[in-house]
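Below is one structure; the comments refer to it alone.
Chain nomenclature is as follows: A, B, C, D, E and F, assigned in order of appearance, with residue numbering initiated at 1 for each chain independently.
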Amino acid sequence: MGIADPYVAAVRDAVARALAEDLAPLGDITSALLPVDATAVADFIPRSPGVLAGTTCATEAFAQLDASVDVSWAAVDGDAVVAGEVIGTVSGSMASILTAERTALNFLCHLSGVASLTRRFADAAATGGDARVWDTRKTTPGLRTLEKAAVRAGGAVNHRGNLSEWVMFKDNHLALLGISEAVASARATWPGKLVHVEAADLDQLAQALEAGADAVLLDNMTPEEAKAAVDLADEWAGEHGGRRPLLECSGGITIETAGAYAASGVDLLSTSQITQSAPALDIGLDIR
Amino acid sequence: MGIADPYVAAVRDAVARALAEDLAPLGDITSALLPVDATAVADFIPRSPGVLAGTTCATEAFAQLDASVDVSWAAVDGDAVVAGEVIGTVSGSMASILTAERTALNFLCHLSGVASLTRRFADAAATGGDARVWDTRKTTPGLRTLEKAAVRAGGAVNHRGNLSEWVMFKDNHLALLGISEAVASARATWPGKLVHVEAADLDQLAQALEAGADAVLLDNMTPEEAKAAVDLADEWAGEHGGRRPLLECSGGITIETAGAYAASGVDLLSTSQITQSAPALDIGLDIR
Amino acid sequence: MGIADPYVAAVRDAVARALAEDLAPLGDITSALLPVDATAVADFIPRSPGVLAGTTCATEAFAQLDASVDVSWAAVDGDAVVAGEVIGTVSGSMASILTAERTALNFLCHLSGVASLTRRFADAAATGGDARVWDTRKTTPGLRTLEKAAVRAGGAVNHRGNLSEWVMFKDNHLALLGISEAVASARATWPGKLVHVEAADLDQLAQALEAGADAVLLDNMTPEEAKAAVDLADEWAGEHGGRRPLLECSGGITIETAGAYAASGVDLLSTSQITQSAPALDIGLDIR
Amino acid sequence: MGIADPYVAAVRDAVARALAEDLAPLGDITSALLPVDATAVADFIPRSPGVLAGTTCATEAFAQLDASVDVSWAAVDGDAVVAGEVIGTVSGSMASILTAERTALNFLCHLSGVASLTRRFADAAATGGDARVWDTRKTTPGLRTLEKAAVRAGGAVNHRGNLSEWVMFKDNHLALLGISEAVASARATWPGKLVHVEAADLDQLAQALEAGADAVLLDNMTPEEAKAAVDLADEWAGEHGGRRPLLECSGGITIETAGAYAASGVDLLSTSQITQSAPALDIGLDIR
Amino acid sequence: MGIADPYVAAVRDAVARALAEDLAPLGDITSALLPVDATAVADFIPRSPGVLAGTTCATEAFAQLDASVDVSWAAVDGDAVVAGEVIGTVSGSMASILTAERTALNFLCHLSGVASLTRRFADAAATGGDARVWDTRKTTPGLRTLEKAAVRAGGAVNHRGNLSEWVMFKDNHLALLGISEAVASARATWPGKLVHVEAADLDQLAQALEAGADAVLLDNMTPEEAKAAVDLADEWAGEHGGRRPLLECSGGITIETAGAYAASGVDLLSTSQITQSAPALDIGLDIR
Amino acid sequence: MGIADPYVAAVRDAVARALAEDLAPLGDITSALLPVDATAVADFIPRSPGVLAGTTCATEAFAQLDASVDVSWAAVDGDAVVAGEVIGTVSGSMASILTAERTALNFLCHLSGVASLTRRFADAAATGGDARVWDTRKTTPGLRTLEKAAVRAGGAVNHRGNLSEWVMFKDNHLALLGISEAVASARATWPGKLVHVEAADLDQLAQALEAGADAVLLDNMTPEEAKAAVDLADEWAGEHGGRRPLLECSGGITIETAGAYAASGVDLLSTSQITQSAPALDIGLDIR
């Protein structure tokens, strides 16, 4: 159980659902035509460089289908992989390997795709400063746990996992409540919950600081505007002491701009691209 | 129930799972702070042009959370949408709308992303000929039904839905069985199932034709090689009568190459990109 | 994983559901009164001759209840069994054996009943020709995967597994669409899907041949009418080349008539009896 | 909620599972080709006489697929139906009707088959005396609740529903425990639970009476042996007062023998045939 | 499989659900920070005396999370435990132990709480006579199977497990049906089912005896009234022979009154307190 | 959707599971004997004073069983209720009302029990100061969402909902990591997550303050020790600025001591009693 691993029940359920999708109602009718005693050894080999994620899902796919298939890995989630080098090996019944192959790879390629794009964002941010890349709740329905683990494998960190984890006031909430009332209400109702406030400009940031927000989302600011926000928050913290609220830039973060945003001194750069728009990493399973 | 709609139980289950991901254990703790009688009207508005898919999922997300929220659509799955134009409207409890918003959009943006990229492939293919774009089993785990419907909304067609739908012999099967024995075995064991054979070159195509395959996957051929394969198959069909087997090009199909492949005269161009690597279409839900 | 086996997840789920039916809420309150260390060896013994199916389900029932119970088989699915001869043996905790016994037998007796009746149909058909017996979608709700595997164990073959596997136009569809338009629409929308057309007489068969159907259901024809249909289709194929469409007789197929229908030269004889009306094969579990 | 109805959640779950079996992954690809605005009215019409059961399942199948389809019934579960007379009517979208038709009929035909065979057993028993026909735990896996309701619709009554409902000592239990110790142990551990004891002969019956069993299974007795058992039990009850234990004949009950067994004066005649070996009642859904 | 054990599938499902509650969406984010190779040995130690129950649930919690964690027990369900003495030991990965700890303890403490309070009621009843303590259907939603097993571990016995196990006429049913008609109807419709009748006074008891009820609930009677009821029923049984119907006192049973009620000679004392209002037994898991 | 409501899917699932527990396999066999057209009106009436919770669950129980039953409430979750006064009313089919009654009440009585005990803790704390009562993860397996909502209805607030919501270092974690390293690691790995540290004494509190913890659990301190801890933390905050970390007292909080602990000036008083050991509130459903 390392930081980049998803928890086991999430893996088990997602794999069971995926196998059902691919096998019902008759199973693999092609592999059923193979000699029943045919065996094989097959290697997972990336076709492009990237960052590995999803190995526990791939292992689980074979285990659920046929516990006698052996799966071993030469790399772990979070490792950079290169095209053409073996990263894992499967051995056992040929029919079982061919039957579970696609399910295993669908997880492995999608999640490694997420980790790979995340790594590119993280590397880009690192050219500018210490800001971490933050994911969002814009995840693929049904795969949030697995994608968030892939984000960690890629070197970024996880924003709130769901609507119940912390309080986050966006423009629509604030239009009804006002910033200071909103924060006060959250503190009273949900002590112990982080209170996160969206700010469209420095004035709203000042209100959020005054209200005692734990984190502020700087919405659609340029790197320069973000820098001004950082200065304002630093100044405020200097005067009032304590930890500066977390500052998040949201909107406009791309691989091209991430360095500049990081250089502004904010803590976190959030992007939905890494979970919603990551192309699959092409990994094959080659029978020896 | 139109051709582009997924079947209703698949929508119901996927949405229930996605809402659970986002709400457990406490629900939306931010919206719980809003006045209970606050209402809103909000519009779905694309930020970029694309092709719509997933509207039934979005509708279902609101319905499962709060049946009193009203959802209506100005467009249907498969429609081209333009940036900034309202495509649908939600009205009802402000808290319910904000709570279900992300779940609804996660489906809508992902599936519209699939439909949009599919349409680009389909349009590209149409510049060269009549070949249809074909999806694959390389889908996001848990979302195959929905993604295949989005592919149809985008104007492409569905390859086999799972391992049990038809027989498909790939290189590893054929290495053990041989093409003619493989096809004969499939006909004997699974009459009524389409028999699909992978061919790496014209020699293997000839064997597949001789064996009576219903469809042949031309693996990693150039458009020119595909053209030669078409000629060979046409010649065969001319001599032996009957429908020419379906010819599928697989490998190397991109938006750039799709026209050239279509021009070769094959029937189907398959690509995993449209389901595995489609960036989300950016659609927002704007409170009026 | 042989041709007669159902896929493992279907077995796992069906057995879990069946055990829950029989055990909730308190478990086997009778076996709970037995000495906890009592053990037993018990033999599965048919009371009548038949064809075996469902062994993986029976094994799974004991495994889910108590992994320490050992189950071994002297026969495999598809084997003919005779009354009074041991076909399998269970050993382990007496309480566990008695608790899981009924669940194991309910699967074994029902599925062997399906296989046994199927074998009788298959044998009857074989007296007349090469036509295969085909099952239908008229299966017991919740058991389609298992019953279709039992059908294969009995020596017949599987018709379409569900409504999404292939296109099948019956009279009601054709009344709205017309045969040639229907087939053309299917080819355009679902390339790669087998297109199956119902024909009530030779005229409709001719239309189906002209339209290029892959399979034709000859509805409620006598063996003589079926013979005429075969002749027409053969003639057509002789003129136009290619594989003759699959010809299926449906309606009126019984053990008595199967040979005559097979002699007509059609490819497939479909019957719902083998899945919907097969009496259970009586198999007991006898404690030694 | 009448006596012949299964409880609603069992219906809901079984129907959802059956629809999923028939629709995944793409839905009804044939009906998707119909004009979207085509509507129909269709009648449920038996092809043979029998007893109706399963109407709530059939209704639910349409409701889950398309809530706008209307279903009405001219008969209720338990009614005798005759060939050719309309027993229910469906109206609404043609595509929805054709899509849900098979699922609805699979329940209706199977459960009406159970009810119809049950009625024949019940009628046969009634020719001999007041004994009721009793079902068993030999039911189709996953359908126990529905089949037991169909048994009631057919005019028979339900034996224990599962292993936890009452204590039932069969030969294997008794070999380990002895009859009087077994009954005493059951009374001490599970007061309030009916205690049922198997007896192979009059000696064991006498022991069971002495032990105070609530019910005795007379195993594989002839009607004459059963009569002797009744006499013995009546004599005992005359001497000791109280209700005579229920006497069940098990083994050898057929439609031919049921009257003779009933004439013996026992209370209950149990048979697995009505749930395990009932042929489906042929009911069609005819589009007007 | 002893009398105090719940059946295995109920344990498996309840534990899976509880782990999901505690782990989604990211798993134990604190334990993820521990060194991955840290191991531990930890002891289950009660902080107060009581009766143990729920050990299979605790074992299952670790097994589902990490099969390599070893769990052993020095006591079994039903054992009296004393504060400070080790009752079980867990060893393996530190992170796994800390992650599953709370789930394991939530079952163990709740179910041992039920068993402990049950034991106190059972001991109190034993001071007055042989009456057994009976649980009710007033259980915690979702945990009935486990709580009923804990009740047995505590030394009491199980009332009807659900609404389908036996017939129980309460005042509202009787107001509509009348006692003798009610019992007759139950006998006719559900032979083999125990028939239980509520009686508010001796007159209703007399009617229930006359009607042939198997069990009578004496509603809210004092111990003296219960004694009179026992006398009446004994007298009746003396005159009519057979087993006296079970007599249950319901209402007013407390640890203080249980002895007096038992002394009245009734068979069963039912109380909802043992399942609905049992304080958790405080058990800790102490890392060595 | 108010603050005291659980989210709808949690209610739906828990109620479905509870109804299945009470109805399988045959439904309510007693109510099935009632006249099918009998109707009733029934009132929810508390037998003791307390605080209401669980009304949505009770409503849902009737709705899932029979949508035609009408349920209305004269009080909402969080309201104080008095013995004997009607708090809600159900009307509709007598059989349906009696069938769903127990399931509805099991939720209502348990959750109102939680709310009622919570209110007593909250009121006790309020006599001493502004500290809020905090629940824990020591909840009944499967009911966490519902119990946490009942806690809010009772006037207390929710601690972390699961292991993934925030980082909480207890003694065992700290023994391996050290306080400052632990906090630093949490900040680096999980920015945005609250970091909570257990402190057994003032020295550890000082370390936690130095490390920048967001919250500190004061473990098993007396009110006086807690006061000293508050003083230390206030002093620290005075010197370093910012919000004082949340201070939680854990261990030894009872209704008797809650006021004294609150008077110490800490923010939160956590107790497992309110969820693990709350006696059910006795509420009846009285047919008029």
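Keep this in mind: contacts are C-beta pairs under 8 Å (C-beta built on N, C-alpha and C of every residue); 3 or more make two chains touch, one makes a residue touch a chain.
These numbers come from a predicted model, not from an experiment.
Superposing the C-alpha atoms of chain A onto chain E requires a rotation of 120 degrees, rounded to the nearest 5. Interface matching across E-F, B-F or D-F places the copy of C-D, with more than half of contact pairs shared by residue number, at E-F. In terms of their C-alpha centroids, the spacing between chain B and chain D amounts to 45 Å. Distance from the chain A centre to the chain B centre is 24 Å, each centre being the mean of its Cα atoms. Taking the mean of the C-alpha atoms as each chain's centre, chain B and chain C sit 31 Å apart.
Taken residue by residue, chain B touches two or more other chains at 3, 21, 23-28, 31-33, 99, 144-145, 158, 161-162, 164, 166, 189-190, 193, whereas all remaining positions touch fewer. If each chain is drawn as a node and touching chains are joined, the picture has every node linked to every other. Considering their complex, residues 21, 24-25 of chain B touch chain E. Chain F makes touch with chain E in their complex at residues 14-15, 17-18, 21-35, 38, 40, 57, 94, 98-99, 102-103, 105-107, 109-110, 113, 137-145, 162-164, 166-170, 172-173, 176-177, 182, 185-186, 189-190, 193, 272-273, 276-280, 287.
Of all residues in chain B, only 3, 132, 134, 157-161, 164-166, 189-194, 196, 212, 215, 237, 240-243, 246, 267-268 touch chain C in the complex they form. The part of chain C that touches chain A in the complex is made up of residues 1-3, 5-10, 144-145, 148-149, 158, 161-162. Residues 16, 19-20, 23-28, 31-33, 36, 64-66, 93, 95-96, 99 of chain D touch chain B in their complex.
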